[in-house]
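Labels for the chains are A, B and C, by order of writing; each one numbers its residues from 1.
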Amino acid sequence: MSELLLTNGRIIDPANNVDAVGDVLVRDGKIVAIGDVKAAKPNPEQTIDVQGLIVAPGLIDMHVHLREPGDEEEETIASGAAAALAGGFTSIACMPNTDPAIDNEATVDFVYRQAARAKQANVFPVGAITKGRKGEELAEIGQMVRGGAVAFSDDGDGVQNPAVMLRALKYAAMFDKPLLQHCQDNALAGKGCMNAGYLATVLGLPGISPLAEELMLYRDIQLAKQAKARYHAQHVSTAGSATLVAQAKNAGLSITAEVTPHHLLLTDDNCKDYDPNYKMNPPLRTADDIAALRRAVADGVIDCLVTDHAPHLRSEKELEFLYAPCGIIGLDCAVGLYVKALIEPKVIEWPRLIAMMTVNPARILGLKKGTLTPGADADITLIDPSCRWTVDVEQFRSKSRNCPYHGWELTGRAVATIVAGDVRFELGD
Amino acid sequence: MTTLLTETEITALLDKLTEAIAADCPTEYGEIALIGIRSRGELLACRLAERLARRLGTELPYGALDITLYRDDLEQAEPDRQPAVRTTEIPFDIEGRFIILVDDVLNTGRSVRAALNALADLGRPQAIRLAVLVDRGRRELPIRADYVGMETTVPIEQRVNVFLQETDGRDEVVVE
Amino acid sequence: MPYNATPSAANRADRFIWRRKHLLGLRDLSREELLHVLDTAEGFKEISTRSIKKAPPLRGKVVVNLFFEDSTRTRNSFTLAANRLSADVLEFTATGSSISKGETLRDTARNLEAMGIDIVVIRHSAAGAPHLLSRCIDAAIVNAGDGQHEHPTQGLLDIFTIRELRGDLKGLKVAIVGDIAHSRVARSNIWGLHKLGAEVILVGPPTLMPASVEKLPVTVCHDFDAVIPEVDVMNMLRVQFERIGSTVFPSGREYSRLFGLTMDRLKRARKDVLVMHPGPVNRGMEIESEVADGPNSTILRQVSNGLAIRMAVLFLVNQAAALKEGTDKTP
């Protein structure tokens, strides 16, 4: 019997509407009591005074890329899960755009086995919607559900064919699993590599219109309505998308959405020097889009915050902007970025921020996590909300370094990450 | 800042140079032409050409030579000074001519060296003579002037600046 | 006086210090910088008229022509310009993208730099490749056309040609006709012309206009016939069939009917209108042969002026590179 006692922390557990100073008692990897824990007769082996820190349910990032199998030189399940811990995440969901794709039960199982071996953050695989992510034939969704896939997505691409998407929505609904869609109409996006707008014109780079995202999102909402399915819009990037999600929610549909730190903090203006660390898909948009997305967060239109952690080799990100791959990493520094994007400008406060990183993604993925309810897994993140620090990519636990935030001054950081009662990350270790 | 030459004195020196050139021009050489080094030398060449035309009773062609591309200090540019390229405008063929090269001040001789190289790229004159308004000494190259308005010695840290009506609104040579 | 260097131009040049070690685009340049390049180029025109067409300012310097896209004209022009300034020229050709060669642009550049080079002239299919280069090596970089971004020396030579024939850009109406969206020549012209006071009118179908064109300092017109009588200059862009195909306009025939410069159209233009083309010309497509070879055409003059502009640019970036360390805060 092992016991851990956290004393005098600010306990924030949005699932139970808790925001109060108190203690948390962990026994045998489960939460035993929170607040006043005397009744549970604590006999801790380890007591940590967490005064001044936020005690939150372990953070969950439902959108990361771990590159294994296939591109282990960029990231492995072990290194990505370690980076997650360093950023305060106890659970992450990894996208299936690996090589080969996670589109069958064996590969789903492979992810679980690699994660168990690594013994870092929990890793939950997201299976592909279609075989090989080609957008044509449905993958073995049922088999993958049996193997433990928590959701389905062809992320990296949207499912272009509406008939295929409708079929997938209906089929996944049978297992009550959500489809996560990367909304982008490829025909409209063309060879675009940044937001279509004045700067793209000035730089001579082909643009991706907001319409490419919004058209597919609009289409999918209609399809999800018909299929009576659960649908989740990944990394929404435009004001128009935020409006579409709000309308769908108002209509009572089972539609959820996520947003990344970069779409809340950076604009296409950052592309002005052709630095590929600002090349993303969906692309960085405009200040108006940032304002609309922040409002959507404040209004509850957007359900969760995700990093879309996308590791790439330094040599690939040193290519010409046009040829460099899309995406940046963000697990290591996510909390500070959300503080900068949402708390400092008073868009939301800590309890909402934590809800969007814990109970909300847990509900979407059907995980029994994201809360400090007694009996739950003792996945806990300790956050120092006033810790001022400077992002240094060389300190990252990710194998990759493609991050535009290097040198940023941030406030707020995970200082310890506890998985099933086991303190797996402590700042300064 | 002290005045080295007044307007009257400059005029007198130009007359002196005109006489010296006219007296010295041997008839066996080809046609005389004047070429001034940008930017003050070109103005002096223009004035000398007019005087010589009156003196000799015949029009003399003249042109302007930009020596920037031939300078030997292009790589040593100071942070606050950068030689600018101007046009070379010589509206005649220098081949076989008797060229009077004109500059305002003869100092190290480096400008003249550059001008001689520049002229060599333009053709092969019969002969080149050098006329200057002021020779201040301090030569760094084995170059001397054939026609000198005034010889003087000016300390190394001082500059001789020539102001001319055409660009500066007055004729004056000062030491500063 | 036989020379046209007015005191004001001379004084302006005397005071000016050129600090750009890299010429990446005309959008970066101030009006004063643009004028300085044009004025400097005046001084280089004469070299091409001599029997000994050479001057020594880049003696001992190595200029690399790093061309990732085929371009005979621009490459020849840069090679000749560098030769006339007495530089040694290293020709480097790579077709296709750097990726397909298995060597990155960065690797290529660093390899070249290890040989001791001073100036890189780069032509690349990807916009921003010259910027990337300027970040990873010490040599001065001259953009000879990058993707759909800019082609600064082409813009400069076009503007130089207009100034040479019209004296001043201020108040001139310049139509740029054709595929604006995919044209780096158009972009460089727009920035340069706008800064020097000309009015730019873009002419072409909406499918060949770039996104947010209304934010550029231009007016847009889709009716070529409406602008013909009022413009001083018509710059006819090459229609890049191989690049855009029939997806943006129905056919070449329809394009030339709507936007081609024919003798009929030329008759309705001002008598002294300048007809420009960056070359190579698609005769009968964007411009009729009789117009391309006619008295209003500046096409060959543009080619000669291109040489002077490229000499000036190579000279200037080398001058900036010679400035003391730390004074170059560009791009």
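Quick note on the criterion: a residue touches a chain if its C-beta (ideal position, glycine included) is under 8 Å from a C-beta of that chain, and two chains touch if they have at least 3 such contacts.
Small disclaimer: the values here were computed from a predicted structure and weren't measured.
Student: Using direct touches as single steps, what is the fewest number of steps from chain A over to chain B?
Tutor: The fewest touching-chain steps linking chain A to chain B number 2.
Student: Which chain has its C-alpha centre closest to the mean of all protein C-alpha atoms shown?
Tutor: The chain sitting closest to the overall C-alpha centre is C.
Student: Tell me, please, which chain's centre (mean of its C-alpha atoms) is farthest from the centre of chain A?
Tutor: Computed centres place B farthest from chain A.
Student: Please report how many Å separate the Cα centroid of chain A from that of chain B, as a whole number.
Tutor: The answer is 76 Å.
Student: Between chain A and chain C, what distance separates the C-alpha centroids? Give it in angstrom.
Tutor: Computed from C-alpha means, the inter-chain centre distance equals 46 Å.
Student: Quick one: report the Å distance separating chain B from chain C, using the average Cα coordinate of each chain.
Tutor: The answer is 38 Å.
Student: Please name which positions on chain A make contact with chain C in the complex.
Tutor: Interface residues on chain A, with respect to chain C: 196-198, 200-207, 209, 273-274, 315, 318-323.
Student: Flag every residue of chain B that touches chain C in the complex, lowest number first.
Tutor: 38-39, 42, 46, 62-64, 66, 68-70, 74-77, 79-82, 84-89, 91, 117-118, 121-123, 166-167
Student: Tell me, which parts of chain C touch chain B in their complex?
Tutor: 1-5, 7, 10-11, 13-14, 16-18, 36, 39-40, 42-46, 50-52, 54-57, 85, 312, 315, 319, 322-324, 327
Student: Hey, which residues of chain C end up touching chain A in the complex?
Tutor: Touching chain A: residues 27, 97-99, 104-106, 124-129, 131-132, 136, 146-150, 184, 187, 210-213, 215-216 of chain C.
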